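First chain A sits with chain B, and in the next complex the same chain sits with chain C.
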Partner chain A sequence: MLYLLCFLLSLLSLLLLPCLRPCFHAKKSLKDEKEIDERTYVVGEEEPPTGLRRDLMPRHVAVIMDGNRRWAKQAGLLTSQGHEAGAKRLIELLELCFKLGINTVSAFAFSTENWGRHKIEVNCLMSLMQHYLESKTQYFQREETRVSVIGNLTKIPESLLHKIHKIEKATKCYKKKHLILAIDYSGRFDIMHACKSIVKKSEQGLIREEDVDEKLFERELLTKCTEFPSPDLLIRTSGEQRISNFFLWQLAYTELFFSPVLWPDFDKKKLLEALVSYQRRERRFGCRL
Partner chain B sequence: MAERPGQLRRIGGGISQLLEKICGFSRRCVFRVLSMGPLPNHLAFIMDGNRRYAKKRGLEDGSGHKAGFSALMSMLQYCYELGIKYVTIYAFSIDNFRRKPEEVESLMDLMLEKINSLLEKESIVHQYGIRVYFIGNLALLNDQVRAAAEKVMNATAKNSRVVLLVCIAYNSTDEIVQAVKKSCIEASGNYKHGDTESGIEGMDMEKQEKRIQLVEIEENMQMSVAPDPDILIRSSGETRLSNFLLWQTGNSQLCSPAALWPEIGLRHLVWAILNFQRNYSYLEKRKKQL
Partner chain C sequence: MDLYDPMMHVSSWIRQVGNLGLDLLWRFIHIVVSLWYIVFGIFEAIESYAISLGFDERYNSIDIKKLRCLAVAVDIADARDVANVIELLQWLTTIGVKQVGLYDSQGLLKKSKDLVLATVPGSFLLEENGKNDFSPDEKRIAIEFISSSDNKEAVMKAANILLQRYLKSSPPENDKGENFFTESHLSEALRVVGDNGHVPDLLLVYGPIRSHLGFPAWRLRYTEIVHMGSLKYMRYGSLLKAIHKFTGVRQNYGT
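Let's turn to the complex of A and B:
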């Protein structure tokens, strides 16, 4: 009886306390702001939509494409169809980013932790990635987009590994636009891998222990394939607010944007909202401006 | 007539004590309810917004940080009352050394004062039996602050109930680099005690690889004294990690209440824990899959 009373009192006090409802999400609603003119479609070097500034565009955007399975369940579809929709959405996002002048895009396609999913789903994902890498090779060549795949890659099927090597070779010469796919990737694996590489080189006398610094370490990470290894903006969909062992070192100063929308529903409007949010932020890097 | 102000003060004091008791009782009720569900073992805080708080209230520059310290003490009290064993706070980043020298000096003076106050009998350290660690590149601090930090660490080394990790002169990337350097030294030490007949080039690849496998970066990290945080709370609405616990927060729940750090309160903590409880079963399921 006493506990019931305590519970009711606690509930009442929680309800009466101010700021429970609106103040737990950082930024004010974009509805109050000027509407983004999404009819303006950017091609090449044209001006970005109203509300966005070209000089403030992030150089590197990373995405955690969360929510494919939930989307499929909500739509009454199979999980595989959810992942298919997710893959299509990634290609669309890529096109949009390049048109807006964002030249490096990273996508968390398959985490090391995803191996724990049901075997059928894992096989489906491997097949999907293989299919897309094969069918989109000409597209990436036409768009002069370099494709890099980073990750452990020791457990993935031989056929997928072959496709990865093929597309990387076919697009290696392109310098401006870059898609980085993280497959069988984990941020901790990346850091461990860099650490082992440095220790090995130190033992071989190739580097001295006193020369080991942050710049050297960064050059040993798997993201050394790009000039901009640290994303300016990370977008995670589906409402989860976690990094889930994606880039760890690389996200030191990255602006994080968590969207409640499921990945297959993350369309042009949602991307523009994320970019507007990014451009409004004051990036201090630990100093006071 | 002359007694009236005194009487009023006593009445005021009495009301204030009564209100404090009611608040304390309500808080314990809330914690009792929260304890029905899973609780985080480790909470981390990025205490952002002190300066903006001072500006908003029209206070002088250092006052925001002082108000921030009071908010920190309240938050620690709530955490330890709730039974959370580990709390980590981002007190001063290596990047913060690039701020104006006067501000850095003022922050160092404040930190020295507050670190010393932890050793007082009435301090929260004694109240809750807190073991305090100072995590960071302490060599970057001035002698006084470093000496005070070491004194507190030694004085609380035997405490075991709860733990407070104060990240000072800290960057996660620096922590990782220092761990790598330590691993390099350890590995070369292992080599010297190992096969000395042939150089490293003569050693077969398997032996070399095996020795490198022994190098455990995680053990060499300063934060290895605590498990990974379950929740990371950054105040002031900014959603970025600012080079804090990058290795450790890969699977942590991130919260970014809009309140500036001196405005942070019980309701923000409760909300963060309720969200943690909502996601708990899903996260446990994922951990089992690994």
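Let's turn to the complex of A and C:
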């Protein structure tokens, strides 16, 4: 009975309170009427993301692109076609993120554990990445997007490594928009790599043992290529609810959004859903407010 | 010029009406979405009560052996209310969970360790080596208390230990430390600084936001993460549902 009463009261307040707020805006001057509210997207501007606020957009979004194989199986296609669809979806997501003001996007393209997959699939993935890095170089230059590739790059084919270096060199001057591709990446490897980097610097006399703290450690992680190494929002598709050794250190206070949709089906609508969910949350970064 | 002022008034009036219309539309959408969430919440509550009362047979027998180690991350606001945490632990003991890592970023639960261990029947502190000397049939639960000092700070200390060991070993000039800095070395160094290193199979997050709240990163590689909402509104049925769902998960581990 009490529960029902609470429900009715909350429903009533939801209906009445917004209507009590003055709906008529004060008469503005001509100049004010021409100004657009910078905080909110104007309805009608490139298919409005209803309810999103520009000032609450995440600075860095990370994606775990899971579900390509399942998508291909459901569609009766080859696994390679699933990965191809996944790659296209990434480019679309990238374009959308940049349009919405999200300037840094990280994508978990290939994990260290993925080497355990069938050799044919691994070769297909390597070829696909090579193809996209080569064919999209001009696109990234035109869009002034910096591309960085992070991971343990010692095992990847020479031809792909060459393409990686080429695209990184061609886009390193761009500062505003950034795509970080994690290839042969492992969160634990990232942490170990930082440890080794600190050892090297210590041997060279660049740092002392007592200088080693969290900030210095973070600067040695592979995500040092970006100003915002910790993602504000992580999206993982296909319904799996784990981070699978991705950005272990960096994800401490990241909003996690697990979508049941398979990656090639993660379209604009799903991204906006993730962003609305993100903007509704209250993050405290472990502190008391 | 004479026509200009009336025209401006008209367009200003039109703009105001337009703004009003958009405002009302936005509020209408807001109400619809809020109603949807209310209905969804009610449905979840009903389902949870049904599970608690045993109406859904699927949840009456859970293969709890698959859940070797459970972790619970609690938001600091919720961690202050230890009574809820104790009740949660009692539920977990009833379900048959044998090992729990209890985490909050500020270490509030660590400070209430004695109270928790004294109040939760069958509870004891998890030993460093992880050996639990009790039979699976006993309703006992081993608890580990974790805070953010066991996360990045612990990794820093472990990294320092490895660094000191490496430098003391007087490595040759070309040695890049490949054999010295491996995952197992860091895991061992973490144990030295007091991190038991128990890797949870499932992490339940209680709090307003969906993040793991700074839970020790080294342990989270393949951990399933489930956001449970605020601890104030925790339900036995929701807990059972989350654990049951976990037992059905199949991981590929990237392969």
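Everything below uses one rule, namely that the second predicted complex is superposed on the first by the 241 of 289 C-alpha atoms of A that agree within 3 Å, B and C clash if a C-alpha of one lies under 4 Å from a C-alpha of the other, contacts with A are read in each partner's own complex, and residues count from 1 in each chain.
The criterion applied here is as follows: a residue touches a chain if its C-beta (ideal position, glycine included) is under 8 Å from a C-beta of that chain, and two chains touch if they have at least 3 such contacts.
Since we're looking at a predicted model, the values are computed, not measured.
Trainee: In the overlay, answer first, second, both or neither for which of chain B and chain C A:204 touches.
Mentor: Touch partner of A:204: chain B, not chain C.
Trainee: Considering only touches as defined above, state whether A:120 meets chain B (first), chain C (second), both or neither.
Mentor: neither
Trainee: Quick check on the superposed pair: does A:111 touch chain B, chain C, both, or neither? Answer first, second, both or neither.
Mentor: second
Trainee: After lining up the shared chain so the two structures overlap, which partner does A:78 touch, if you call chain B first and chain C second: first, second, both or neither?
Mentor: neither
Trainee: What is the contact status of A:91 with respect to chain B (first) and chain C (second): first, second, both, or neither?
Mentor: In the superposition, A:91 contacts neither chain B nor chain C.
Trainee: Of the residues on chain A, which ones does chain B touch that chain C also touches?
Mentor: Touching chain B in the first complex and chain C in the second, residues 7, 10-11, 14, 19, 23-25, 27, 113, 116-117, 187-188, 191-192, 194-196, 198-200, 202-203, 209, 212-214, 217, 240-245, 248-249, 251-258, 281, 283, 286, 288 of chain A appear in both lists.
Trainee: Note which residues of chain C are touching chain A in the complex, please.
Mentor: Touching chain A from chain C are residues 8, 12, 15-16, 19-20, 22-24, 26-27, 29-31, 34-35, 38, 42, 75-77, 105-106, 148, 151-153, 155-156, 159-160, 162-164, 166-167, 176-177, 181-183, 186, 208-214, 217-218, 220-227, 249, 251, 253-255.
Trainee: Okay, in this complex, where on chain B does chain A touch?
Mentor: Residues 26, 29-30, 32-33, 51, 93-96, 98-100, 103, 171-174, 176-177, 179-181, 183-185, 187-188, 191, 200-201, 208, 212, 215, 217, 237-243, 246-247, 249-259, 267-268, 270-271, 279, 286, 289-290.
Trainee: Could you list, by residue number, the parts of chain A that touch chain C in their complex?
Mentor: Counting only chain A, the residues touching chain C are 7, 10-11, 14-15, 18-19, 23-25, 27, 30, 33, 43, 50-51, 111-114, 116-117, 187-188, 191-192, 194-196, 198-200, 202-203, 209, 212-214, 217, 240-245, 248-249, 251-258, 281-284, 286, 288.
Trainee: Considering only the defined contacts, which chain A positions touch chain B in the complex?
Mentor: 3, 6-7, 9-11, 13-14, 17, 19-20, 23-27, 113, 116-117, 186-188, 191-192, 194-196, 198-200, 202-204, 209, 212-214, 217, 240-246, 248-249, 251-258, 281, 283, 285-288
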